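Across the two complexes that follow, chain A remains constant while its partner is chain B and subsequently chain C.
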Partner chain A sequence: MSAMLEIKNLSTEFSTDNGTVQAVRDVSFEVQKGEILGIVGESGSGKSQTMFSVMGLLAGNGRVATGEILLDGKNISPLAFKSEKEYEDTMSDIRGNDMAMIFQDPMTFLNPVLTIETQLTEPILNHNNVSKAEARQRAIELMAKVGIPSPESRIKQYPHQFSGGMRQRIIIAIALACNPKLIIADEPTTALDVTIQAQVLDLISGLRDELDSSIIMITHDLGVVASLCDRIAIMYGGKIVEIGTADEIFYNPQHPYTKGLLSCIANPEDKEKKELHPIPGSPPDLLNLGDWCPFVDRCEKAMKVCKMKMPSQEVYSDTHQASCWLSHPLAKEGKGE
Partner chain B sequence: MGKYVVKRILIGIITLFVLSSATFFLMKATPGSPISGEKFKTAEARKAAEERYNLDKPVVTQYALYLEGVAQGDLGESMVHEGRTVTYYIGNGFPVTAKLAFVAFIVAVTVGITLGTTAALSRKKWVNNVCMFIATIGVSVPSFLIAMLLVVIFGVNLKMFPFIGLATPAHYILPALALSLYPISMISRLTRSSMLEVMKQDYIILARSKGTPYKKVIIKHALKNAMLPVITYIGPMFAFLLTGSLVVETIFAIPGLGSSFVTSVMDRDYPLIMGMTIFLGILIISFNLITDIVSAMVDPRIKLK
Partner chain C sequence: MAEPILELKDLKVYFYVNGGFLKKKDEVKAVDGISLKIYPGETFGLVGESGCGKSTTGRAIVKINQPTSGQILIDGQDITKIHGEDLKKFRQDVQMIFQDPYASLNPRMTVGEIIREPMDIHGIFDTKEEREKRVRELLDLVGLKQDHIRRYPHEFSGGQRQRIGIARTLALNPKFIVCDEPISALDVSIQAQVINLLEKIQAEMGISYLFIAHDLSMVKHISDRIGVMYLGNLVEVGNSDEVYTDPLHPYTQALLSSVPIPDPKIARERQRIVLEGELPSPINPPSGCVFRTRCPKATEKCAQAKPELKEVNGRLVACFLYEDNKE
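Right after this comes the complex of A and B.
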């Protein structure tokens, strides 16, 4: 297996009236071909902004500050281009074609004044030399594939004539239009009710088997990634605090934040896990991040060193790494404070 | 849709009735009379005129008689200029005003939308500042000043454009500019703020994620959405332009509706005031209806009920 997407030391900043927000800080990871990677974190942890940086869809005040983004070996970081125009031209070819994104809110991501046909044939017409009629045929096939009944008649309708779940399927169909090699799903089930959630997740996992695409699932719901993902990265305060295979994260979590997230999953059958254990406190202010562990203020096991220095990455296995001072050899010997 | 239009037309007729009643009784309550001028010096002449125009009857009866005429399609005859019907004034003035209004409307819409979009999307600050400077001038400088400045600069001094009457297409340039500057400002401001709002929407991100180039995203996805508030402004604005402007028509010597409307009020020419009011009322009511229909065509979420 070789890497479909490799991110090296990516940092993304937003300039606001109150100062610079460091949304993504020195993030590195890779996704293999045909692999599903889950990125888990709460709101504001930088998980969505990491992927928006990859897609080049950051808001106007955001910019990639450092790092490389290698898509199938090619560096597509905006820093690797001479001009913004050159970057946009390259990305116009890549977006929707080599990589595509599934967005989280079906209510706001579809254009209310354009028909489903216009919106669904657009990526097909952008990247393939086909006629409108051929694109329409392909769009109808896509709609059938994502489970929309009677696509021939529904393709003429507008988004407001679709339910939330159906709109989410349209958004998925748009992402799949050109059989992308990398699919980024940004909380694709958050806005849906539970029964639809399961259907949409099935649909997404079916894509990997069918297209052999790599998938990145961004979510704040560990339950969602558990069944679906090969590997999981946990993000907090703009950094990846722990990354490992699904088994490693669920059965051998190392970072206190990962442990905290896991104890937030309720399991009515398990007596020990019957009660929820929320993590106290709130996420760090991304405007005032120090060069120390971002989780320190909420961590039960915080030591002095945690507020002094950024923990280095400790390696547990080829696939499992975490950044926590507790894992440091000195802490294990009980010499840490 | 058909049902909706019929309903709106019925409501429009009621509105027109209220409008004409209010105008009629207010007009009668206003001091002055069309028969107080030089022509009606003697008591006999005045009495004869009063009888002729039913001015000796109670006001309510006068109104009933007037409505009877209107129902038969007779808007009456001018009391000041004998022998000239109200229909004659409208028939002569309206085509002139309408042609000019149409030119001004096209200019206002194209320039306004272009300026607003440019201001909203340009990354260069000075472009935005220049566009908004033009817009501020347009709303704050009164039209008589604009019209006179245009005449003095482009007509008298530079001799670039003719400025009396509407004989050739070139004659339309200065009056159309004078008429359209205010709507240009309003449209460009509306377009700018609406465009800025639309560009922040999630569906713009989705459109870009499909690999659609930025310019196409603006034309295909943003413009149609951004036009909704603009449409609700330009419909009534067109109706307003069609009613003619006294200032512009006077300065450029254009025989349009605007000047006859104002003169009719000065002269207390009752039938002409009423005829003009009803005609302009019909224009404004129709354009409001057209605006609603166009909005529903642009935005499929709007249901005409």
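Right after this comes the complex of A and C.
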């Protein structure tokens, strides 16, 4: 297997009136071909901004400060281009064609005054040399593929005539329009009810098997990633604190934040009522992050060193890494305070 | 068994839409005849998908929505038609925690003023100093600091705001609290903080909760009994463990099998019942059983008559599948 997307030391900053917000800090990971990677984190953890940096969709005050973004071996970080125009031209070709994004809120993503046909054929016409009739035919096929009944008649309708679950299917169809190599799904089921969420998750995992695309799934719901993802990255305070296969993250978590997350969610499969152990405090202020572990103020096992230096990445297996001072050899001997 | 603190008798809440001059209005049957009892000190979880009427039920109980017909009994007294002093007394006994901690706190009032306001209105305590003291006690109870009293809501995070809302709810020592999705706007690590706080308050003050949510794992965690709603109707009511381990109604079965399980091994092996289609419109609900259009086990009988909630294995289920077995 080779990497479809490889991110090396990515940092993204936003300049605001109150100072610089370090939304993404020195993040590195890769996604293999045909793999589903889950990125889990709370609001403000930088999970969405990492992916916006990849897509080149950062807000006006944001910029990629350092790092490389390799899509199928090609560096598409804005830093690798000479001018902004060159970057935008390249990205216009890539976005929607090589990689596509599925957004959280299906109502704000779709244009309410354009028919589904216009919105679904747009990426096909932009990226392929096809006629309108061919594009329409392809759009109907896509709608059928994502499970929309009677696509021939519904393609003429407007977004408000579809329910939330159906709109999310249309967004998935738009993302699939050009058979992208990489699909980034940003909380694709958060706005949906559980029974509809189950339908959409089944659709996404079916697509992976069928198209062999790589999928990055951004979510805050550990339940969603458990069944769907091959590997999971946990983000906190702009950093990946732990990454591993689904089994490693759920059954052998190493970072205190991962452990905390797992012990503060209720599992309906538990026979006895277990007490929830919430993580005390609230997420860090991204304006005033020091060069030390971002979780230190909420960590029960924090030591002196945690507030002095950023922990390095400890390797537990080929696939499993975590950044925590507790796994440092000195801490294990009980010498770290 | 003790007397129920809350009893709903055939509660119906309809909304009227699309009406015009000489044009007949459409009825949206948000809640279409539900009956249930909640006992003192109990947490009753109400679950269902958006549009099933669970929030409307909660809002009818605190008299935000006027019921179309039916009775709401609090301590045996029907509160659907009360006013004046009775209504004021009722407001003390029944309070609500709202979903959105950003919209439910007045941005121009300090935390102290927000929590004190119910006491000012109801004339609890004679002096301002006593109320101030009570505000400080409440801040302490919900885990906020004393110096937060002079601050404004925007200075707080979502979880802290929800704590402020809870403190305001508790200011009048209510007997019954309607919690309408109190955690769904919060981050995962904060949700557990609020759930634990609600459980602690219940243990100390013996309050009953109606806990409305769509996150079934959390509802199971906090509730003693659960009611499952579909399109304005209760389809199953029972002890929360029993409903989860052995759901009887086909909708409950499908709903529970759709809940994501935070455990990869169980999640991979599990058979999901994926429902076809979507929720029908409550303007034109299906005849007979409202779930029959999506039910994998629907028969002809389901279209003709509406199943009543009947007792099956110590639980209440509205489905013909179980009536036949008994005969």
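Quick notes on this structure:
In this section, the second predicted complex is superposed on the first by the 332 of 337 C-alpha atoms of A that agree within 3 Å, B and C clash if a C-alpha of one lies under 4 Å from a C-alpha of the other, contacts with A are read in each partner's own complex, and residues count from 1 in each chain.
Criterion: contacts are C-beta pairs under 8 Å (C-beta built on N, C-alpha and C of every residue); 3 or more make two chains touch, one makes a residue touch a chain.
These numbers come from a predicted model, not from an experiment.
Following the overlay on chain A, a side-by-side fit with no clash is recorded for the pair chain B and chain C. By the document's definition of touching, of the two partners only chain B reaches A:Asp105; chain C does not. Of the two partner chains placed around the shared chain by superposition, neither chain B nor chain C is touched by A:Asp17. Residue contacts after overlaying the shared chain place A:Gln199 against chain C, while chain B stays out of touching range.
Contact with neither chain B nor chain C is seen for A:Glu300 once the two complexes are overlaid on the shared chain.
Looking at the superposition, the partner that touches the larger set of chain A residues, chain B or chain C, turns out to be C. In the superposition on chain A, contact of A:Tyr158 is made with chain B only, not with chain C. By the touch criterion stated above, A:Asn97 is placed in contact with chain B alone, chain C being left untouched.
By the touch criterion defined above, A:Met55 reaches chain B but does not reach chain C. In the superposition on chain A, A:Asp318 makes contact with neither chain B nor chain C.
In the superposition on chain A, contact is made by A:Leu261 with chain C only, not with chain B.
Superposition on chain A places chain B within reach of chain C only down to 9 Å, the least C-alpha distance between them. On chain A, the surface touched by chain B in one complex and the surface touched by chain C in the other have no residue in common.
Chain A contributes residues 55, 57, 88, 91-97, 100-101, 103, 105, 108-114, 118, 122-123, 126-127, 158, 160, 171, 174-175, 177 to its touches with chain B in the complex. The part of chain A that touches chain C in the complex is made up of residues 42-43, 163, 165-166, 193-199, 201-202, 220-224, 226-227, 246-247, 250-251, 260-262, 264-269, 273, 275-280, 282-283. Residues of chain B that touch chain A in their complex: 201-203, 205-214, 220-221, 224-225, 298-301. Against chain A, in their complex, chain C makes its touches with residues 49-50, 157, 159-160, 187-193, 195-196, 214, 216-218, 220-221, 244, 254-268, 270, 272, 274-275, 278-279.
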